[in-house]
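What follows is chain A paired twice: with chain B in the first complex and chain C in the second.
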Partner chain A sequence: MNKVDLLSLIPLWILSSAAILNFFSISIRRNHKVIFIITLVSLLVDFIFLTSYSIRHQQSVEPLLVIDGFGIFNIGLIVLTTLMVVMMSYAYFEQREERKEEYYILIILAALGSAILVISKHFASLFLGLEILSVSLYALIAYLRKRERSDEAGIKYLILAAFSSAFLLFGMALLYAATGTMSFQGLADWLAAHREVSPLVWCGFGMLTVGVGFKLGVVPFHMWTPDVYEGAPAPVTAFIATVSKGGMIALLVRFFTTVQGHQLTLLVTVFTVLAVASMFVGNFLALRQSNVKRLLAYSSISHVGYLLVAFLAGGDLGTQAITFYLVAYFITTLGAFGIIATLSDKERDAELIEDYRGLLWRRPLTAIVFSAMLLSLAGIPLTAGFIGKFYVIAAGVRTSHWLLVFALVINSVIGLYYYIRVIAVMFDQRENVRTSEELHPLVYIISSFTMALLGLMLIWLGVHPEEMLTLIRNTL
Partner chain B sequence: METIAVEYGLVLAGTLFALGLISVLVRRNVIFMLISVEIMLNAAGLAFIVAGARWGQADGQVMFIFIVTMAAAEVSVGLALILQIYHQLKTLDSDAADKMKG
Partner chain C sequence: MILLWMIVILMAGGVLAGIVATWSTVWCRIIALTSVILDTLLIGWIWAGQEVSLQPGATWIAEVNLPWIPSFGISFHLALDGLSLLMLALTFFLGIFAVLLSWNEIQYRTGFFHFNLLWVLAGIAGVFVTLDLFLLYFFWEVMLIPMYFLIGIWGHANRQYAAYKFFIFTQASGLLMLLAILGLYFVHGNQTSVYTFEYSDLLNTPMSADLARWLMLGFLAAFLVKLPVVPFHTWLPDAHSEAPTAGSFILAGLMLKTGAYGLIRFALPLFPGPAVEFAPWGMLLGTVGIVYGAVQAFSQTDLKRLVAYTSVSHMGFVMLGVFAFTEIALQGVVMQMITHAISTGALFVLAGALYERMHTRDILQMGGFWKRTPFMATVSLVFVMASLGLPGLGNFIAEFLTLLGAWPASPVLTAIATAGLVAATAYSLRIMQKIFLGKDSHTHVLPDLSLREKLILVPLAVVIIMLGLFPQRVIDTARATVEISDKQQNTTPVPVRGMLSEKGGNHE
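Up next is the complex of A and B:
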């Protein structure tokens, strides 16, 4: 590793030194505000530094990492998302009595893990990034020790994540045993040289699929998703739904395009089945939820299914569709969970649909932003979600994946029902038993600002997607 | 020196992995579930060593050390969580820690 390599990894250095700085700051004196500001500033600096990279930047740090336009864009997205999560966390954790400072260290480390994930081109760096992300997430999910469901969610995630890591590792080991290389490019060369793929390699790919499927929460590996979403604190749920899943998707795209997985028909068939199953099961189970967090969990399962449509379409258009969809989905999910976090009180999160009855008349702006987020998830025009879905369908149609496109269209209609149901509850005029005082502590300037920002971005991307699309097109 | 064929090593690792997998699925005690997951992880580590030996590279052993380190980090968090759960529920039965449904 030479000097240029070291310099090109500065975004990662900034994240890790921010974690260490927070660590020292806590050991000197616990102060929520100071830690919050350090975290905010370092994430901002990191983002500004990333924007200084040229979009055509191409630098590999042999043999583990590659820093290219796609990687830089995704790191930027991760850093910005983490920034939003941190901004909505302040008010949420300020009203809780437990020690709150370590939360910021963990969230920075989780972002670091995800950033490593999106620029890795070798199994070793993939594994390292994934584990930095997962181990931080175990602690983040169970962070609020006084809430009984936090521990349950934490241990469930831990067992299942370790379980899926074992599958992932065994798959890697089998591929290594068969091919003698652990870099994505080496694997691609091996596959190009050997037309006959041995059962050992298929076994390896199969186990990798199981591992990745668990991390993404696709059906049939989805059972942890609703429980973890429900048990984790609302900002952490937002983080899992965006940074953790998004990082994995970006990695999957890089892996598949490098090894040209679209030529392995068996693998493509398996992913098609997973995509269709995720869309249908996710949406049907979401229909009968009375808990908003669980509803969003099932909706996230179906959204991963939608993303897989663009993923299977492949090619440049497919990757563009995935990246745009990720941006739109990140904004929407952050907004939705951010609002749950803002409305939560000391004892519990505002997670039952009943908590939202008549919200429009109590807090009109919050209700309007939340409606916009839900409409974007449903893919209604003028929101970012619509453009995202449009591109996914376009990518699917161009490569004639009719089954997938058909499933996506049907599921959009099913999805509409449960999103509209929540909106209808908010517009209901009936007087609520819970007064607004109960769910309304502390100063929420930062949170409201974040929500307003996310709402504006949502509409702006929905009306003027051209600039974002040009940016995405240039990164490829 | 006579070397062992790669297939035998992989079969051994696969057997260990399957044992771990089955016992995660059937065990109800959280600590035993954690132990079973560790067996699966170490089976993957063994497979890496076998694969590394086949190609005469150090990469397999490097991965093994990564896996052991990660497993240690994971167990420390896991045991802390298990302690917490035991304080709350006074049991380690995983069915008791299953309040969320739907």
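Up next is the complex of A and C:
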């Protein structure tokens, strides 16, 4: 690793040093506000630094990492998303009495892990990034120790994630045994040279699929999703739904394009089955939920299914569609969980659909933003979600993946039903007033500002996506 | 730019009305009313000033073309020709009454109601003028969500069910149209390497007959559900009967027309070959709709449901006329779109007025109201007669032209459709008989129409009589569009045409 390599990894250094800085700051004096500001500033600096990279940047840090337009874009997305999560966390944790400061260290580390994932081109760095992410998440999910369900969710995630990591490791080992390489490019070369793929390699790919499938929460590896979404604090749920899943998808895209996985028909078939199953199972299970967090969890399962449509379509259009969809989905999910966080009180999160009855008449702006987020998830025009879904369908139609496209269309209609149901409840007349505790006005301002920002971004991308489209196209 | 302004006025008016309602509901209503009146004046001004350019072969009367998402070849392209002009005029004209209708009925969440009302109108107006297929889908959806809320929040007892059903039917069919649009986009792009959603570019896209058939079915799905054509009509009686009066009024008067307009503007010109193949089936579906709707209407006891089924029957004529491929039939369809909007809309207003007074829609509980409400009875008689196709009223012209134009295409189906008119007489007279004639055994306080209701119904009655006596102006306005799309059909070298008509389809 030479000096240029070190310099090109500055975004990662900034994240690591922010974590260490928080560490020292806590050891001197616990102060929520100070930690919050350090975290905010370092994430902001990191993002600003990222924008200084040229979009055509191409720098390999042999043999583990590659920093290219795609990677930079995704790190930027991760950093920005983490920033939003942190902004909505302040109010959320200020209400609660637990020790709040370590939360920020963990979330920075998780972001760091995800950032490593999206620029890795080697199994070693993949695993490294994944474990940094996962271990931080174990703690984050169970962060509210006094809540029983939070603990339960943490343990559940710990056990299953450890299992899936084992699968992943085993898969890597098998591939290494068969091909003698652990870099994506090496694997691609080996596959190109060998027409016949041995069962050992298939086993390896199969194990990898299980591991990745677990992280993405696709059916049939989705069991943890609703419990963890429900048990984790709302901002952490937002983080899992966006940064954790998004990082994995970006990695998957890089892996697949490098090894040209679209030519491995068996693998494509497996992913097609996973995609269709995720869409249908996710949506059908969401239909009967009365808990908004669980509903969004099942909805996220189906959304990963939608993403896989673009993923299987492949090509430039497919990758662009995935990237755009991720951006739209990140904004939407952050917004949705952000609203849940702002409505939550000290004892529990506002997670029952009944908590939202008549919200429009109690807190009109909050309800409108939440409706916009739900409509975006449903893919209704004027929102970013619509352009995203349009892009995904376009990618599917382009490559004539009719089965997937029709599954997507059918599921859009099913999905619509439960999103609309939540909106209908919010617009319902009955009013039961639930007053939340008085907090420092500044706390509200930060949360409202974040929500307003996300709402505006959602509409802006839905009405005027051209700039984002151009940016994404240039990064590839 | 004027087209853009018309839509912006509605959208901005909706937002403003929604905000102002926090302080004053009266001002909210006034703002909503002002914005539709403003649009009506604008479209009237265009209509009055554009005698010349309505001739065949003329370019668009008004056009606006702004780049929107150039990377996908999506532009904000709106254009107005004779047909669009008529439809826009209808939209804004009825929009005024929709606002007036809700003046007393809607007391709950007035601001949000008017926001939705104006946005539905904006979406409908957008569909009538768009020339970009992406934009078509966009507006198609924009009119959907507010309508869902109109039914779901301000509707009658079973409103949630009706709203879901409406939404899911139209959304599913709309998504199929989106697929077809994308299919067309890529077919065109692959062949010309110009990726665009522009309507005029996508016309005459060469493609295999099979593919064209599938893509056309995607478009048809959206339009036939919206129209609605018989096997896909089940959402309509529920939505119509559960919606508030203004909602039913807009549904029947305007939203159904977007389906007919889509057929004429998009489905047929984009896929001339498959459309001709589909024509016998289209006419058959139309005829089935005419008869089925009429029979169903006759057996209803819920007044709004009854009127809803008459819509199904009347929209059958649209199917029949569109797929006859003659100019006369198409003229009839255009007339039908306008006259049905007015007569059925008015019947919904009457149903709403009765409901407001009696709190029931069951016609078995009514009877003998003529003496107590002579004015209402007289006005009702006008619209009921219009609905059964009495000469001298607009609907007669529409149905007559449609049948005349459909005859050369299929004498048998036309004969059956004509028999449907007899059934129309039966159900129409039943309305009069059950409500206004017979024995009055009620103790309700039943005031006659108020000034506001007269202000709504009298202009509608005047228009329907005018359309019956002087239809030429409408026919002239639509001629350019109708001739173009008729010519497109007849120049398509498809042998199947011979099967449809022995004489060939063109009657000048």
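As a convention for this text, the second predicted complex is superposed on the first by the 465 of 476 C-alpha atoms of A that agree within 3 Å, B and C clash if a C-alpha of one lies under 4 Å from a C-alpha of the other, contacts with A are read in each partner's own complex, and residues count from 1 in each chain.
What we mean here is this: a contact is a pair of C-beta atoms (placed from the backbone, for glycine too) under 8 Å apart; a residue touches a chain by one contact, two chains touch by 3 or more.
Bear in mind that the values here come from a model prediction, so they are computed numbers and not experimental data.
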- [ ] Scan A:L169 for contacts with chain B and chain C and give back first, second, both or neither.
- [x] first
TODO: Name the chain, either chain B or chain C, that contacts more residues of chain A.
DONE: B
- [ ] Name the contact category of A:R30: first (chain B only), second (chain C only), both, or neither.
- [x] neither
Open item on the list: For A:H194 in the superposed arrangement: first (chain B), second (chain C), both or neither?
Closed with: neither
Task: Contacts of A:V409 with chain B and chain C, given as first, second, both or neither - done: second
Open item on the list: Is A:R348 touching anything from chain B or chain C once the two structures are fitted on A? First, second, both or neither.
Closed with: neither
Task: Contacts of A:R99 with chain B and chain C, given as first, second, both or neither - done: neither
- [ ] Using the touch definition from the top, say if A:A424 reaches chain B (first), chain C (second), both or neither.
- [x] second
Open item on the list: With both complexes superposed on chain A, which partner does A:T470 reach: first (chain B), second (chain C), both or neither?
Closed with: second
Open item on the list: Going by the contact definition given at the top, which residues of chain A touch chain B in one complex and chain C in the other?
Closed with: none
Open item on the list: Can you tell me which positions in chain C touch chain A when the two form their complex?
Closed with: 68-72, 108-109, 112, 137-138, 141-142, 145, 148-149, 152-153, 160, 163-164, 167-168, 171-172, 175-176, 178-179, 182-183, 185-186
Open item on the list: So in the complex, the part of chain A that touches chain B is made up of which residues?
Closed with: 123-124, 127-128, 131, 135, 138-139, 142, 145, 148-149, 151-156, 158-159, 162-163, 165-167, 169-170, 172-174, 176-177, 180, 182, 200, 226-227, 230-231, 288-289, 291, 294
TODO: Note which residues of chain A are touching chain C in the complex, please.
DONE: 360-361, 375, 380-382, 386, 390, 393-394, 397-398, 405-406, 409-410, 412-413, 416-417, 420, 424, 427, 429, 465-466, 469-470, 473
TODO: Using the touch definition up top, name the residues of chain B that touch chain A in the complex.
DONE: 6, 10, 13, 17, 20, 24, 30, 33-34, 37, 40-41, 43-45, 47-48, 50-52, 54-55, 57, 59-60, 62-63, 66-67, 70-71, 73-74, 77-78, 81-82, 84-85, 88, 97-100, 102
